[in-house]
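In the two complexes below, subunit A is the common chain; its partner is subunit B in one and subunit C in the other.
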Partner chain A sequence: MADIISEYEDKLPAKMLDEFKENIPKGASDTKVRKILEAAYGEYKNARVCPGEAVGLIAAESIGEPGTQMTLNTFHFAGVAEMNVTLGLPRIIEILDGRKELENPMMEIYLKKPYASGKRIEDLRHLALQIKETKLNDISTEFSINIADFTIEVKLDKERMKEIGVTTGKVMDAISKQLKGYNIKDDKDSIILKARSKEDSFNEAYKTKEKIKGITIKGIKGILQVLPVKREEEFVIITAGSNLADVLQLEEVDAYRTTTNNIFEIEQVLGIEAARQAIINEIFKVIESQGLNVDARHIMLVADTMCVSGTVKGITRYGVVSEKSSVLARASFETPIKHIINAALIGEVDNLNSVVENVMVNQPIPIGTGLPSLSVKPPQKTPKEK
Partner chain B sequence: MKKPKFKVDKHILTPKHSKLGEREKAQLLEKYHVTSKELPKILKADSAIKELDAKTGDVIKIVRKSPTAGESVFYRAVSDV
Partner chain C sequence: MAEVYLNSKFVGTIDNPAEFVQKIREERRKGSLTENLNVHYNEKANEVQLESSKGRARRPLIIVKDGAPLLTERHIKQLERNEISWSDLIKQGVIEYLDTAEEENSLVAFFESELTPEHTHLEITPLAMLGYCTSLVPYGNFNQSTRLNAGSKNQKQALGFYASNFSVRMDMDVNILHYPQLPVVNTIMHDISDYGKHPAGQNIVVAIMSYKGYNMEDAIILNKGSIERGLGRSTYYRPSIAEELRYAGGLIDEICIPDKDVKGYKTEKDYRFLEDDGIIYAEAKVKEGDVVIGKTSPPRFLSSMEEYSLASSTRRESSVNLKHGEEGVVDFVLITENEEGNKLIQVRMRDERVPEVGDKFTSRHGQKGVVGLIVPQSDMPFSARGIVPDLIFSPHGIPSRMTIAHLIEMVAGKVGALGGRYINGTTFDAEPEERLRKELLSLGFRESGVETLYNGQTGEQYRAKIFIGNMYYLKLKHMVANKLHSRARGPIQLLTRQPTEGRAKEGGLRLGEMEKDTFVAHGASLLLKERFDSDRTVVPVCESCGIIAIKDNYKNKSYCPVCGENVEVSDIEISYAFKLMLDEFKSLGIYPKLQLESKY
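This part shows the complex of A and B:
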C-alpha cells in the first residue's frame, strides 16, 4: 500500500498522503487503494485555484474586511504584565509596511534545559541581568565636568553596581572599549576621564559627557526590559527591545526556538525564508488575538509577495509597488506625477501586461477569462506571390 | 565572546534549503517553462544558504512546512544584489 501512496507524492500534498496512510484499513486491496487515491486526486484537482484567478484581489478583500472590524472594536495595545505590545491594526500596518523600527520590539527567549525548569531562581535572575542592557547612566549618580582642566567625573552608584554584579574595573574596560581618545582613571567612588588631545574645550567635554551616558556596561544592546514568564512547565524570558543576533550567541539560550517580532532582524540573521515564516506568524498572532478568522493562504500570499525579491519589501510605494515593471501600474498607486515624469525622462516602455494599465487604456484585463488569447499563424506566402 | 556554534538551518523559522544539481535545475525550468531569472530570488549573501556555496544563477530548493499542505516545495534563484 505504501508504495502506491508514494506514487502520488508529486500529485497530492504531503498532509493528505499522511491521512491516507492512517485511515485506509490495512487489509485494503491494491486496486481499491488506487481507486481511493484516484478519486481523491480528482477532488483535489477540482479544488485547486483556476489559472487566471485574481488571488491577490481575493486576499486583499479577505484581509481587508476583518481589518475594518479591527479599527472599530479593539484595543490596539495589550499589557502583558507591564510590557506594551502593539496589537490590532497598527501592528498589521507595521508588518505589512516592512518597517525596520518597530513601536514595541519584543523577543521571546527560550532557555536550555537546566535553566528552563526554573528550579534555580538564582540562575534565572543572573541570566536576566546578563541579557538586560545596563548603561553607564543606570549605575552612576552624577556626571560633572571640571571646568579647570575639562575632565569628566562620573560618580558611581556602588550599591547598584553590586546588585547588577559589575566592578569598577569592568566599567572602565567597557568605557575604554567604546570611547577612544580618553584616559580613564579610578578615583575611589568615581572614575575620571581626561581627553588625550591637548585642544580640549568645554564644548567637547560636554558632548562626551552626554555620549558616555549611553555606553553599554553590561548586557545586550537594545534590550530594555526583561521578564521571566512561566509557559507550560518552562520559563521563557520575554524582553522589551530586540537584538536577535547577540541573544542567540548566549550559551544559556535555546537558539533554535528564540524569536523576535522584528522581521527585519530575522531576515538579517536567519534569511529570507525565515522572514517569510515570521511575517505569517506575526500577522496570524494579531488576527487570532482579535478573535477574527482569515484563511492562512491569503496571508501566505501576502508574505510571499513581500519576499519574492530576496529581501523583505513592504506593501508601500517604496517596496513592492516600486518593483512593478509597468509605469502606469506604479503611477496608479501613489505619487502618479513623479512616476510618469521619470518614465518620460528615460523613455520607459509599458507593455500593458497586467491589470491596472489595461483598465486605464480600456482593454480587457488578463485575468480569469481575459487571460487566454488567440494566436493565429498567418498563411505562409509562396515565393511566387513575392 | 565565543564563536557561534549556531546553525541557521536548525532554527524553527528556517525551512530546509538545498541546492539543485544542473540536471534537476534544467528539469525544473522545463517543467514550469521559465528561466531562472523569472524565479523568486534569494540573495547570495542570505544567511540560510551560506554553507551551500551557491553561485549566481543556481536554484535553491526550499521545503517549507505549510499549515495547509503539510509540506510544500518552493524554488528560489540565487541573485547577486
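This part shows the complex of A and C:
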C-alpha cells in the first residue's frame, strides 16, 4: 500500500497522504487503494482554483464584507482579573498594518511538566513574580534630591520588597549595572546615589532621578502584568506586555507552545514562517471572537502576501503596496503625487500588466475572461517587402 | 475659601460658599437677580460656578421649601381662572429653571407624595422630560425609547397645514396635506400647542396582517378607495425666481420673450406659454423643459470675439425653465421688486400628489414604511360590519421594535371613533388601557381589538382574527415623484466627459469602486470594460515620441505636434479620464510617453 501512496507524492499534498496511510484499513486490496487515491486526486484537482481567478480580490471581499458587521468597540472588563485585549476591527487593522507597537501586547506562557501541573502553587507564584518586571519605582516610596550635594535619595518600600523577594543589595546591583558614573550607598531604609564626576548640577541630578525610576530591578523587561490561569489540566501564565526572546530563555518555560500576539517579535525570534502562522492565528482569533465565518484560505493568502518578501510587511502604502511594480497602481492607492513624481524622476515604465492600471486606461483587465489571448505569430514579412 | 467663576471666568473668592450660593438662589427667586442665572457649588473642587451664558439646557421645576412645594392650590385656581400666567409663577419664585450643573446641587422629587425636608425641587409633570415632538406621541411610556426618538423625528417630516396663509406665501419646497385632521388619540401637548391650527395627519383604519407579501420589510398597503376619497393627498409647491440683474456698463437683464437670434435660443415650442410680458400665465400646465419666465442677459465678456462677429444681437438666453422631471400647474405669479430695486418675478408651481407606490407614511411611533401596493377597495379584506381597512401594516414590524404604544393607539383610536370622543394618551398620564378595553367590549367589539376579517377577493373568512383599529397616520415629505430617476444616455461633464452626477442634472448612476470589484471577482473582464466605456475616446498617438498627436479631419491626415508629419501615428482607444490625466502630467512637467505595442 505504501508504495502506491508514494506514487501520488507529487500529485497530492503530504498531509493528505499521511491521512490516507492512517485511515485506509490495513487489508485493503491494491486496486481499492488505487481507486481511493484516484478519486481523491480527482476531487483535489476539482477543488483547485482556476487560472485567472481573482483570488486576492475575493479574499479581500470575503474578509471585508463580514468585517462591516464587526463591532468597533473593544470590550473592557474593569476591575475583573482579566487582561485587557484589543479585539474586533481595531485589532484586525493592527495586524494587517503590520504595526510594531501593539495597543495590548500579550503573551501566553506554557510551562514544562513539573511546573504546569500547579501542584506546588508556591513555585508557580515564584515563577510568575520572576517573569513580571519590577521597576525601581514599584518598590520605592520616595525619590528626593539633596540640593546641598546633589545626591539622590531613594526611599525603599521594604514590605513590598519582601513580597517580591528582592534585597537592598540586589537593588543596588541592578542600579549599578544599568546606571554608570554613580556611587551607590546603602542607608538603612533608603539608598543614596552620588555622581562620581565633580561637576554637580541640579539638572543632571533631576534627569537621573527620573531615569532611575524605570530601572528594571527584577523580572523580564516589558512584562507589565502576570496572571496564572488554569486551562484544562495545566496552568498557563498570561501576561500583559510581551518579550518573547527573554521569556523563551527561562528554563521552566515550554518554548514549543509559548506564544505572543506580537507578530513582529515572533518574526524576530522564530522566523518568517512562524510569523505567517501567527498572522493567520491572530486574525482568525478575532474573526472567531466576533462570531463570524471566514474561510481560513482567504486569511492565509493575506498572510502570504504580507510575508513573501521575507519580512512582515503591512498592507499599507509603506508595506505591500509599495512593492507593486506598476506606478499607476501605486498612485491609485494613496499619495499619488509622491509616486508619480518619483516615477518621472527615474523614468519608470508601466507595462499595464495588472488590474487597476487597465481599469484606469479602460482596457480589458488580465483576469478571468480577459486573461487568455491568442498567441499566433503573424506571418513574417520577407526582407524583399521591406 | 472657594473660588468663584462667572461664565467660566475667575471673578474672586468667597469664604463661605454654601451661604453664598444659598444667597444667590434666594435673590434670584426674589427677582433681584436675573432668572437666567444658575449657580453650582462643586464641593470637591471647592469652587462656585455661576452661569448666565446662552446655549445651556434648562428645565423648569417647582421649588420646595421644608418638604412642601411652593406651588399651592391657590396658584392652581388662579391659573385656571387665567388670573396669572406661567411667567408670573417664575416672578413669584414658585418655579425656577435649573441647568445641568445646578441640578447636581438639587434633590428633585418625582411626585408630591415622595417629598421629604431634604428635597429642594418637585417635578411639574413627568412629561416635562420630553420635548415637544416626543410629547405628541400617545402612550409614549409604552414604547422603547429609541422608537420615541424615531417617532418624534418622523413627525417633523410630516406633511400638514404649516401656515394658514400658505396660498400667498412663496416658500421653497412646501407641501400641504389636503384633509388634515386632529388625532382621535391625542396628548395634552396637542391642546397646549393648539395642534388644531396646524394638524399634520389623518385618522385611518389600520389592520395588522399580511397581504400577499406586498408589505414585507416595513412596506404598507393602501386602499385605493381611501386614496380616491382623499387619503394622504397633498399638493407640492415650488417657486421659480427670476430677477432683472444690473451689470457694469448700464447693461441689464430683460424679462421678455427672447428673440430668435438670441444666443442659446431654445425652440419656439418651449416659449409657448409666455405672455407678452415674458411671464407664464397662471393655470398653465407645464412639463419639464418648458420656459416659465423668459429672460435675456447681456453678453458675458464685452471684449470677446463676438464683438467682431456678424451677429447683431449678442444677448444670451437665460430663461428659467422647469428642471428635469418637474411638472405641474402654474399656481401663482408675483411681480415685484427686490431690495436693490430690481424687477423680481416669482412663479409658483403646484403639483397634486396622490399617494402612489413608494411614498412614505408613518404612525407616530417610528413605524415608518413605504407604500408597497395599492389595492382596489373590492379586493381589500373586510370585517363582518363592512369595515375595510385603509392601510395594512405588517405584523413583522412589531416584535423586534416593541412599539406597544402603536398597538394601544389602535385600540384607543377604535374606542374613540366608535364612542365619538377624543382619547387622552398623554405619556405617563393616559387613559388606562383596561378602561379602553372595557369600553370596547361594551361597544360590541372584542375587547382585545381583534376582529374576524374576510378575504376581499374570495370572500373566505381568514383563519386568524385580525387586529384592527384606528390610528393617526402621517404622510412624510419623501415622495417618489421627487426621487425617481433613471437614465440611459444624457449629459456629460465638460472636463472629464463622464456622465453628470445627481438627479437634478439627469446624471448617471455610478458604478463605484466596490461594484467594480465584483466584476473583477467574477473575472468578467470585457463586461467591466464595456461598463466603463462612458468616456471612451479614440486618440491618435505619435509612435516616435509617445505623445498624443493631432488629427486633421479636414485634410484627413494626422501629425505630431513635436515630431511633425513624417512619423507613424496610430489611433488608440482609451478612457478620456486617462487622456486628461496625461495632460495633467504634462502640465506638471512630467513627460508621459506612450509606448505602443501590437495588441495581438
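In this text, the second predicted complex is superposed on the first by the 347 of 386 C-alpha atoms of A that agree within 3 Å, B and C clash if a C-alpha of one lies under 4 Å from a C-alpha of the other, contacts with A are read in each partner's own complex, and residues count from 1 in each chain.
What we mean here is this: a contact is a pair of C-beta atoms (placed from the backbone, for glycine too) under 8 Å apart; a residue touches a chain by one contact, two chains touch by 3 or more.
Treat the numbers as computed from the prediction; the structure is a model and nothing was measured.
K.L.:
Superpose on subunit A as described above, then tell me if subunit B and subunit C fit or clash.
P.N.:
Verdict on subunit A: subunit B and subunit C fit.
K.L.:
Quick one: is A:323 in contact with subunit B, with subunit C, with both, or with neither? Answer first, second, both or neither.
P.N.:
It touches nothing on subunit B or subunit C.
K.L.:
Would you sort A:187 into first (subunit B), second (subunit C), both or neither based on which partner it touches?
P.N.:
Touch status of A:187: no partner.
K.L.:
Is A:248 touching the first partner subunit B, the second partner subunit C, both, or neither of them?
P.N.:
It touches subunit B, and subunit C stays clear.
K.L.:
Could you look at A:288 and tell me whether it touches subunit B, subunit C, both or neither (first, second, both, neither)?
P.N.:
neither
K.L.:
Angle at subunit A, subunit B to subunit C, CA centres, as a multiple of 10°?
P.N.:
It works out to roughly 130 degrees.
K.L.:
For A:277, using the defined touch cut-off, is the partner it touches subunit B, subunit C, both, or neither? Pick first, second, both or neither.
P.N.:
first
K.L.:
Touch check for A:43: first (subunit B), second (subunit C), both, or neither?
P.N.:
A:43 contacts neither subunit B nor subunit C.
K.L.:
With the two complexes superposed on chain A, say which partner A:163 touches: subunit B (first), subunit C (second), both, or neither.
P.N.:
neither
K.L.:
Once both structures are overlaid on their shared chain, how near does any Cα of subunit B get to a Cα of subunit C? Whole angstrom is fine.
P.N.:
So the smallest C-alpha gap separating subunit B from subunit C comes to 22 Å.
K.L.:
For subunit C, which residues count as touching subunit A in their complex?
P.N.:
Against subunit A, subunit C makes touches at 516-518, 520-526, 528-529, 532-533, 535-536, 573-575, 577-578, 581, 585, 588, 590-591, 595, 600.
K.L.:
Subunit A touches which residues of subunit B in the complex?
P.N.:
Residues 1-2, 4, 6, 8, 10-15, 17, 40-43, 46-49, 62, 64, 66-72, 74, 76, 79 of subunit B touch subunit A in their complex.
K.L.:
Which of the residues in subunit A come into contact with subunit B in the complex?
P.N.:
Residues of subunit A touching subunit B: 13-18, 248-249, 251, 255-257, 259, 266, 268-274, 277-278, 281, 296-297, 300, 304, 307-311.
K.L.:
Could you please specify the touching residues of subunit A with respect to subunit C in the complex?
P.N.:
By the definition above, subunit A touches subunit C via 52-54, 57-58, 60-61, 340-341, 344, 349, 355, 359-371, 373-374, 376, 378.
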